[in-house]
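Listed next: structures, encoded as structure tokens.
Both complexes shown next keep chain A, but they swap its partner, so chain B is in the first and chain C is in the second.
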Partner chain A sequence: MSTAADPPAKRRLPPLKGLDGGRRSALLAAVLIVFALIFPFFLDSGSALLEDSTVALVYVVMALGLNIVVGFAGLLDLGYVAFFAIGAYTMGWLGSSFFSTRDIHFGVAEFLQAQPGIHLNWLVILPVAAVLTALAGAILGFPTLRLRGDYIAIVTLAFGEIINRIAVNSDEGVFGIGSFNLTNGRRGITPVDKIDLPLVEQFTTLNIRPWYWTALVLALFVVFINVRLRDSRIGRAWIAVREDEIAAVSMGIPTVRVKLLAYAMGAALGGMAGTFLGSFFNTVNADQFEFSFSIFVLAMIILGGLGSIWGVVVGALALSFINTRLIPDVLNEVPSKIGLDFDLTQLGFGIFGFLLVIMMVLRPQGLIPEKRVQAELTGDEGERIDPIVHTRAP
Partner chain B sequence: MESASIPTPPSRPRREVVGEIVSRFGLAAILLALPVLYGIQDLQEEGDLGRLATNIKDGLSNGAIWALIAVGYTLVYGIIELINFAHGDLFMIGSFVAYSLIATVGLTVGTGGLGLVLGLLLILAIAMVACGSLNVMIERVAYRPLRNAPRLAPLITAIGFSFILQNVGLLWIGGGHRGVPDLIDTQDRLFTLLGVPVTNGDVLALVVTTPLVLLLVNFINLSRMGRAMRATAQDPQAARLMGINVDTTISFTFLLGGLMAGAAGLIYALYQTDIWFFSGFTAGLISFTAAVMGGIGNLKGAVLGGLIIGVIQQISDNRIGTEWTPAIVFGFLVLILVFRPQGLLGEQTREAG
Partner chain C sequence: MSTPETTPETPAPDLGPAILETQFLTKQFGGLTAVDSVSFKVPEQRIVSIIGPNGAGKTTFFNMLTGLYKPSLGRVIFAGKDVTTRRPDQITAMGVARTFLNIRLFGTMTAVENVMVGQHPRLKAWVGGSIVRTPRVRREEREGREKARELLDYVGVSMRRIDDTATYLSYGDQRRVEIARALASDPKLLLLDEPTAGMNPQESEQLTGFIRKLRDDRGLSVLLIEHDMKVVMGVSEQVTVLDHGEKIAEGEPKAVRHDPRVVEAYLGKQG
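The block that comes next holds the complex of A and B.
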């Protein structure tokens, strides 16, 4: 099972001028990470750009989570927003004064001790949310096991919509039964406790830096998990299921377990990102959990390249900055300049839809394609890599 | 217990037979659950089934709209095995076209008699042609280039086009709901059938949907193009070898689906007297559920599924609450896909495995 050491064959290659490909990209990654770490010092501690960067990093986490399901295992999940919702509500329920009749506190600051409701430290909520969403992911995955392709997409979409309806309408009973206020509907759960980490300066709305670093650490951690998963036995099993399920079964891959694992892993990452955003936005309300958000995350993966971890990171960063910066700040003037009368921010999702179509027709493998997916999507048999050579031995 | 009375070859184990019975009648039982439950409740509380009957009547009228949209899903799925995600939004565009044309043609609430009928027929024709050609255009741009790509690719472009159409609707009418002039006095009672008041809107849904569906079924069963469509659905390669222009046939299928969506758009606008850029998303999912329920790829199944979903939706609207209806319909969708993916009338498909 150990995948720690690179196969020695790689080392024996004659060194090119300077660095070989692997080392060059490692160096590039190191430079980028260092830049990302010191980046907040160039900005005002409460600047909007820093805020947008924080959100972008959380989107990276979500996109990488969805990438496990869609990119690695090839199961098109259109209900990913459900896991964002479940994670965010876990944060809302366990870290706010929403259930004001309860009185439970754990590991939170002085002033929260005095408030009613359930107040747990984010470090406690994070694993709880991960477990809950992983369970939800497995529950969602279960009915799709017998299905293939498009039908999976529809079942996941229906699941996302059901969760959305529950979020919107459960301020007085669920499905009209009872009168328990579960989600507070569109008014939402607010305020939500700020993340509070030991040994780190205080998280406030004016000082975004600790938020940013936390998101960065979370994103790097998830990138690391993704890389390790991809190169592991499970990762290879996912890819095998994606490429040819029947062949995978006959090779002895337990497809049920492998698929459920993909759903659960992807969902857990979405839930973890959800807890962060719930705290960061200081509100958990039903309007955040629309179908269009699932497509937003899907578009990140498609843009970056299905199954390609670095592609997905780039895609997520690009799309979230397009969403928060390019469309409202730069392009919004364009329609009025050419004599059209509309607000471009309204069109955000139309633009993403357009992007999906353009990408699929012109460059289906994404910006930074994964080799195997590229070979499949471009139908270029000549470039098809030999899996035996490129798959690390167990 | 009933497996004994059914003649079975001796080689088949009893469990398999029971399983088949559950699979065949389980779905029907699930579908009947809501009406039967509320029927019993009505009988106990009010002593008659008037409320349930009214629910069912309203549901059938609504269902006629879903049936017209579901036909579009099922035609396209039958021929290229693609869930045309943009189809619901195409229907929304149809309702917007109808809304815009009402003013252009000059119909007002006061218009009566022949003028109204001719005007509506004209609007119907234009809305149908507009949606049909739009659907053909979408197929040309978004699906045809991906004919040989993996199945995921056209599905994603379909989602993309769904968003594009929604934004077209948003730019066209704006983000809010828009009221449509009540040209036909939708809620006015025309006559009473078995104690159930039948309104103008119900009659409109019936007189537009029935001929269209009959025409469509006959067209596909009897015409030359219909035969080409069925051949392409069975085996595109073989159809091509037999001299059928597969691309034209597929385009034509999209045209037919679009025509039906346009008609549904007009009925919806007149019947609900309210249009919204987002209505296509929910309508699309409900209709897709209908298509799957009937057995995707099966025309009659789509119509049947549309009517059933309409009734379920109406009962849920009336008894549980409008806000929960989508969740309930999607719950049915998941149940159907899990327990009987081939639907009520459908055959075993490759998808359903």
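The block that comes next holds the complex of A and C.
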């Protein structure tokens, strides 16, 4: 009996003096946020590490968006790249000289005023993209409503591929129909306007700091949205649908609305991240929107812990840095040193797959598991023992 | 050998106006008729039972009442409104709550959270309000949590247990939480699918006492599916017997118990 009751206690961190669990994690979060805020001052304003950190933060936004769909509502979405694409194209369409016959400007710098095309401020494009992708999310959700589990994955996968094909094939007519150039195919839309915010220094390719801070604010905002939604009536409804759809609907939860809302919210966050990356990479082209990207984001949330907000943040940062720094910079020398001749970056996905397998064996609940999922996975009866009864009966 | 088809009519006593009524309710799965043209009424503030041997179509009947199955034929009328084509969540919002034969709590949620899910149709917070957490949403959450605690206390779950994850609760507590969750939507009609399944005789007796208390305290109508004859006879004011999907008897418990067709359905044909 005593051995069965011990392990959960051991897993906990030793408590900091005078702080309960909630305040301790709040303090930790505050320290990390302050560090993240001042981090750019330790680096050169155009350094590659800062650039990679910026991308990592945007991936956090995407992963948290997907976490709403997969982690909270339990709808396995393999087509998340579609929302990245729609967000990025919205940025391309509304913030570049691509539609050169139009001449619309709003809230942009003077040198852009002189250029043809549609040039709107990012702050305008951001909500437009959020609404567009939310609609796309609801449209994607619709055919999956009657489906469960793996079948949802197949439909969403197909949706991602459809958007990708449209992106590739819409340089002469939308999907080959007509002659309108919507996406410029693989050549893509480039250059894309830089984000331009009032009261903030100029966003350029040489000065990454404002990009970084904007991404950080976006990520924190999305963490906040995730936390608030999780601890609300909506969040409970999502989790109820994930746990038992029949019971959920019998408790008066309108499952259709609740599921569509999850798709729409998740998609909107992906779209917002898409506008940022479109501007940051200075190009929006069809090759960015491959199926593998959906898997990449999914791997982040599985690595971090499905449904766990802080886990997903850590998972996204970890995989992003493994992708942009560890593999190309640190490990790339390894094959040649041991006498093999290949480029390790080509094996990126192999390495991610390997990591996931290791994770599933060692820690299936993710790096920082959600407490609910942990209970489900460990599910061991020993933990049920009431400590009060336990001390009374030695 | 031949048993004379004596069908002593046991006219259902008049127990007042009906909160729920079914008319010729039928469900066919392919060629199988699971429920065959059942018409019956649940009078307001009464405890009514549906009994019948395994496979008699009781749970199928229940699932049609709550909208989980669409009837092949017939109508369901709740509180004077035809709800035959309504969705399950709409029917719940109108005031029908249920428990399940095989307990279906949300396993990874705590007892309190489970009950709060039950309040879903009575709360209003939506996306904007939940993110901003307006004073109104705050108050709603606080009151909801408080009400959930009260309900759990009411059904007899120890206050030490209410923040435990549902899977870690004892079997009896899980049953209690399920009833609290059903009550959380402020139902007018409570449907209990074999609530005493897996309970020992004392626990069953406690529960039947509790069902009566529920009805008296809250003015609920209760519809029970039961297997256990003792429970049914003790608590119900009207009993309906299903066999092979058909209604074979209806009336006061005492009368139904001696109905030869009921005896036959349960014990087999004599002679």
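Just so we're on the same page, the second predicted complex is superposed on the first by the 359 of 394 C-alpha atoms of A that agree within 3 Å, B and C clash if a C-alpha of one lies under 4 Å from a C-alpha of the other, contacts with A are read in each partner's own complex, and residues count from 1 in each chain.
The working rule: a residue touches a chain if its C-beta (ideal position, glycine included) is under 8 Å from a C-beta of that chain, and two chains touch if they have at least 3 such contacts.
The structure presented is a predicted model; accordingly, all values stated were derived computationally and were not measured.
In the three-chain model built by superposing on chain A, chain B fits alongside chain C with no clash. By the document's definition of touching, of the two partners only chain B reaches A:355; chain C does not. Of the two partner chains placed by the overlay, only chain C lies in contact with A:244; chain B stays clear of it. Using the contact criterion defined above for the overlaid structures, shared-chain residue A:347 touches chain B, although it does not reach chain C.
Contacts of A:328 after superposition: neither chain B nor chain C is touched. With both structures placed on the common chain, the touch criterion links A:116 to neither chain B nor chain C. Taking chain A as the reference, the larger set of touched residues comes from B, when chain B and chain C are compared. In the superposition on chain A, A:162 makes contact with chain B only, not with chain C.
No C-alpha atom of chain B lies closer than 6 Å to one of chain C in the superposed arrangement. Comparing which residues of chain A touch chain B with which touch chain C, the overlap comprises 376, 379. Against chain B, the residues of chain A that register as touching in their complex are 74, 76, 78, 143, 146-151, 153-155, 157-159, 161-162, 165-166, 168-169, 175-176, 291-292, 295, 298, 302, 342, 346-347, 349-350, 352-357, 360-361, 364, 376-377, 379.
Listed in rising order, the residues of chain B touching chain A in the complex are 81-83, 141-142, 145-146, 148-157, 159-164, 166-168, 170-171, 175, 281, 285, 288, 292, 320-321, 323-324, 326-328, 330-331, 333-334, 337-338, 341, 350-353.
By the touch criterion given at the top, residues 66, 68, 87-90, 92-93, 97-98, 100, 104-109, 113, 116-118, 120-121, 123, 125-127, 130-133, 137, 140-141, 160, 165, 167-168, 181, 185 of chain C touch chain A in their complex. Interface residues of chain A, counted against chain C in their complex, comprise 224-225, 228-229, 232-237, 239-240, 243-244, 246-255, 261, 265, 372-373, 375-376, 379, 383-384, 386, 388.
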